[in-house]
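Notes for the one structure printed next.
Labels run A, B, C and D following the written order; every chain starts at residue 1.
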């Protein structure tokens, strides 16, 4: 029998039963994967991005495979917050799992409108403001690549939400810690990173971009070293907890993120490869701690930092 | 017999017999790989980074493997420009291949000193100013992530070199086209990109960063989508030729870069995997053109651009 | 759907893997759960290799299923199908299945026309077997590049009332498109339904012909699929009722509901 | 060096691949060029798999070479060696070899002490064979976790004048470090030279003991290697004459020239 490991972690006001979430856009609102495991196993379920009005998303093809990764240019297709509340949240009300809703917008007003609408929904434990989607023309990454724009969006959302406020950062920036500090200053309770790296693939038979939109967001194990580096940088520069993601396939990958400074992690592309990935990461993390005599998974956070080394 | 394809391309004042170079730091100065193929097969040979004084590089470990890629934190270990001229350039004088010397410095003065020293060396066809190495504390990427600093360095080097001047850009920036235009304005004859993405790996058994330096530069097929995207963006924003690199393993990968707008390409990490990689890319490119009835490889440049689509 | 028909992860073992023609193979898996649950026109999402540089699963129609086994016909087009072609009996893989919305079997059919181009034959084995069980006479119009690429002819000769073929190079049957055969077959058999799978331009032609003849038509569409279970929205198809997901709302769609322009060939390369 | 000894790319075929102990195997390749050219202590840079998520070659010492064949002893520690353990006779791979600066054989030696810990036995097969050909009597001190991990004992029993063993768990020979055996062996045999390979801390102890006894000592160091041919500078070793590359200037170094502090264990995980 493995010794008991305290797997709980705290993100803002939220206490999670373990540090493993789903990454937004890779888990729908959970119904599809409920066939595969009990959603209550998860630390938290992060929904796909939800906008105020319905969004159509981008033209097809929207996906391309790349070495140890994939590009997507879904473009945040979603039915809008009303339909989301009416359908997805109603379904989620019966799932015993903290729900974090990923919020998207083309303008500050749109982010605010979604956050405001969600504030009255008891099923929602936290909102994750996505200022980092590379696949929409207006909004998304435009907010996530400038300190001022990021601060404006977060300030406005902070004013209308009482929920735990997570801000999702873009890796497509020169200095991610600057943006991290700017949104922390506006009241973000936690930061999540990384969203996808902006990438492109060209179909050499047609000599055209493979994705209809041209560029897309790169995810999967290929980007893990970038994600771990950015979590390391950000976690050392802010006081709020960091949720690390990007290429987590197995528990050891999650350990990398935690040791780099993350308090929790999210599993994205891996779920497409194996629907059980998030659960395997949870079990593997527990095992990892048990074998090494680590009592609390929270003790892994920042374990690789130089100040913890000696 | 395959029909003849005109493989020549032009980079500044340089005419290359084909568009395939070696990527700096992955080919030494060529002597080691001369065992494997005639260096005269190459479009150009790009040397490792050369500084004014000898540089020791970083502590070990300096390398880590990652999914479809590798991290390095060599830190530009090199014997300094005098030793380089005395040994490497003397050896290269007998190799029938255009030589491009990668130039590094901790300060503008150091870049200038190396470029000045090389200007009198007839063996040197071009200098590639590396303002994008992520593995040194001062200089390197610090120049490549700010428009002003990049412009200053390039202006100063331009003033002292009559050689074709290539500037190597960093992908670790919010807006690579801004930097590209800034250095073009200062007289760069060509731009090369991408240098490595800043990344990190953590050894889960020791819970320490795998690399002694902590962070390193990510290269290999994992980063190809990022490289292709940046070449697409830059080539469409500048007039000078672009040399594309990042994860080119086979000829089709080179076609992606050319179609995205590159005039030439460089093969880096692939050479470690297969010393014949650059040659295979050359042969494969020729074959690719021949099969499709493309007379000149230069016609592939920008073939995927929307304005060329209809 | 009862839970036995819900998608699940199943570890499967290669029982046999043979080359059928150039770049084409047939693999048979021991896969009892999925073999029992799958319906005609559904597919499986196969994890071909672990530790490979390509990470995603690959979707494949199930050609035939029974006695705990799944049979898949595949064409080698890239890294995944190349790895599949190299699989040996005894090798383990895993799949998610059964997936998707398969062929519909409206009541009262007497005759069905089945049109398959190339690997579009993939979902047709279970289809014609089911039609036979329902007592519906089926005619297969099968097209391929050349005679050797006309896969599994014996099975169709046995199960269908009638088989006609077309090849691009004229090495068997009609020289030209498989859809060229449709006018005569529609005239001769007066089918109650047309089932189509193959390259998208061919499906579009078939759908148009069926519509012109006033015959209901179902098409099985291919889309790039990351998740295969409906969450990622990689695989959307433009329909008269908006964007639908090929992996759960399809791959089989009523041809009259597909908005062919705009969706179309761009979605997959071939 | 004449050109036959220069490194080259060679396509090789697996002839046999057996498990020797837990996590340890022996693979034999058909590799005529490299087998003819390689010298004791040199290594090959092996491309184990194509299309895998890991892309780099893996360096391996050649245990024995002859009759067109190369024999390698390997321990399964990660993705690469796992794939190697799964290789079947007939599988093709390629390697770059021969690489590196191997063992030196100073003139006038009568007796050599060979000290190997764990897979440090890798470069010792060719070494003791060469010593035997030179008429140098060799004693092997071999250490391992447990008796079953004492690899290739038969070969050494045949070739060496004397073999002594140590195991961590005492299941064979001395219980403890292989370097514990050195004092007695040095006293008994008065060796002219000590050859060492194994985990770096063990090499350091062995080097210190040799230095204290005033006996020349060569060590074969392991470093992470990307290129294997001297260009990437991944593999540097701190020496009294500055940084040297393990792949071309080593892997064998004169122990007295290695600046143990600073270089050291950090370079490889084990």
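The definition used in the following text is that a residue touches a chain if its C-beta (ideal position, glycine included) is under 8 Å from a C-beta of that chain, and two chains touch if they have at least 3 such contacts.
These numbers come from a predicted model, not from an experiment.
Common neighbours of subunit A and subunit D under the contact rule above are B, C. Fewest steps needed to get from subunit C to subunit D, stepping only to touching chains, is 1.
Most remote chain with respect to subunit A, judged by CA-atom centres, is D.
Rounded to a whole number, the gap between the C-alpha centres of subunit A and subunit C is 36 angstrom. Taking each chain's centre as the mean of its C-alpha atoms, subunit A lies 34 Å from subunit B. Subunit B and subunit C, compared by their mean Cα positions, are separated by 46 Å. The set of subunit B residues touching two or more other chains comprises 67-69, 220-221. Shared contact sites, meaning residues of subunit D that touch two or more other chains, fall at 53-55. The residues of subunit B lying in touch with subunit A in their complex are 66-69, 71, 145, 172-175, 197-202, 204, 207-209, 214-216, 218, 220-226, 228-229, 232, 247, 252, 255-256, 259-260, 288, 300, 303-304, 309.
Only residues 6-9, 47, 53-57, 96, 223-236, 243, 248, 262-263, 266-269 of subunit C touch subunit A when the two sit together in their complex. Those residues of subunit A that touch subunit C in the shared complex are 25-28, 32-33, 35-36, 48, 56-57, 59-65, 67-70, 72, 74, 77, 203, 205-206, 212, 220-221, 269, 271-276. Every residue of subunit D that touches subunit C in the complex is listed here, in rising order: 51-55, 79, 83.
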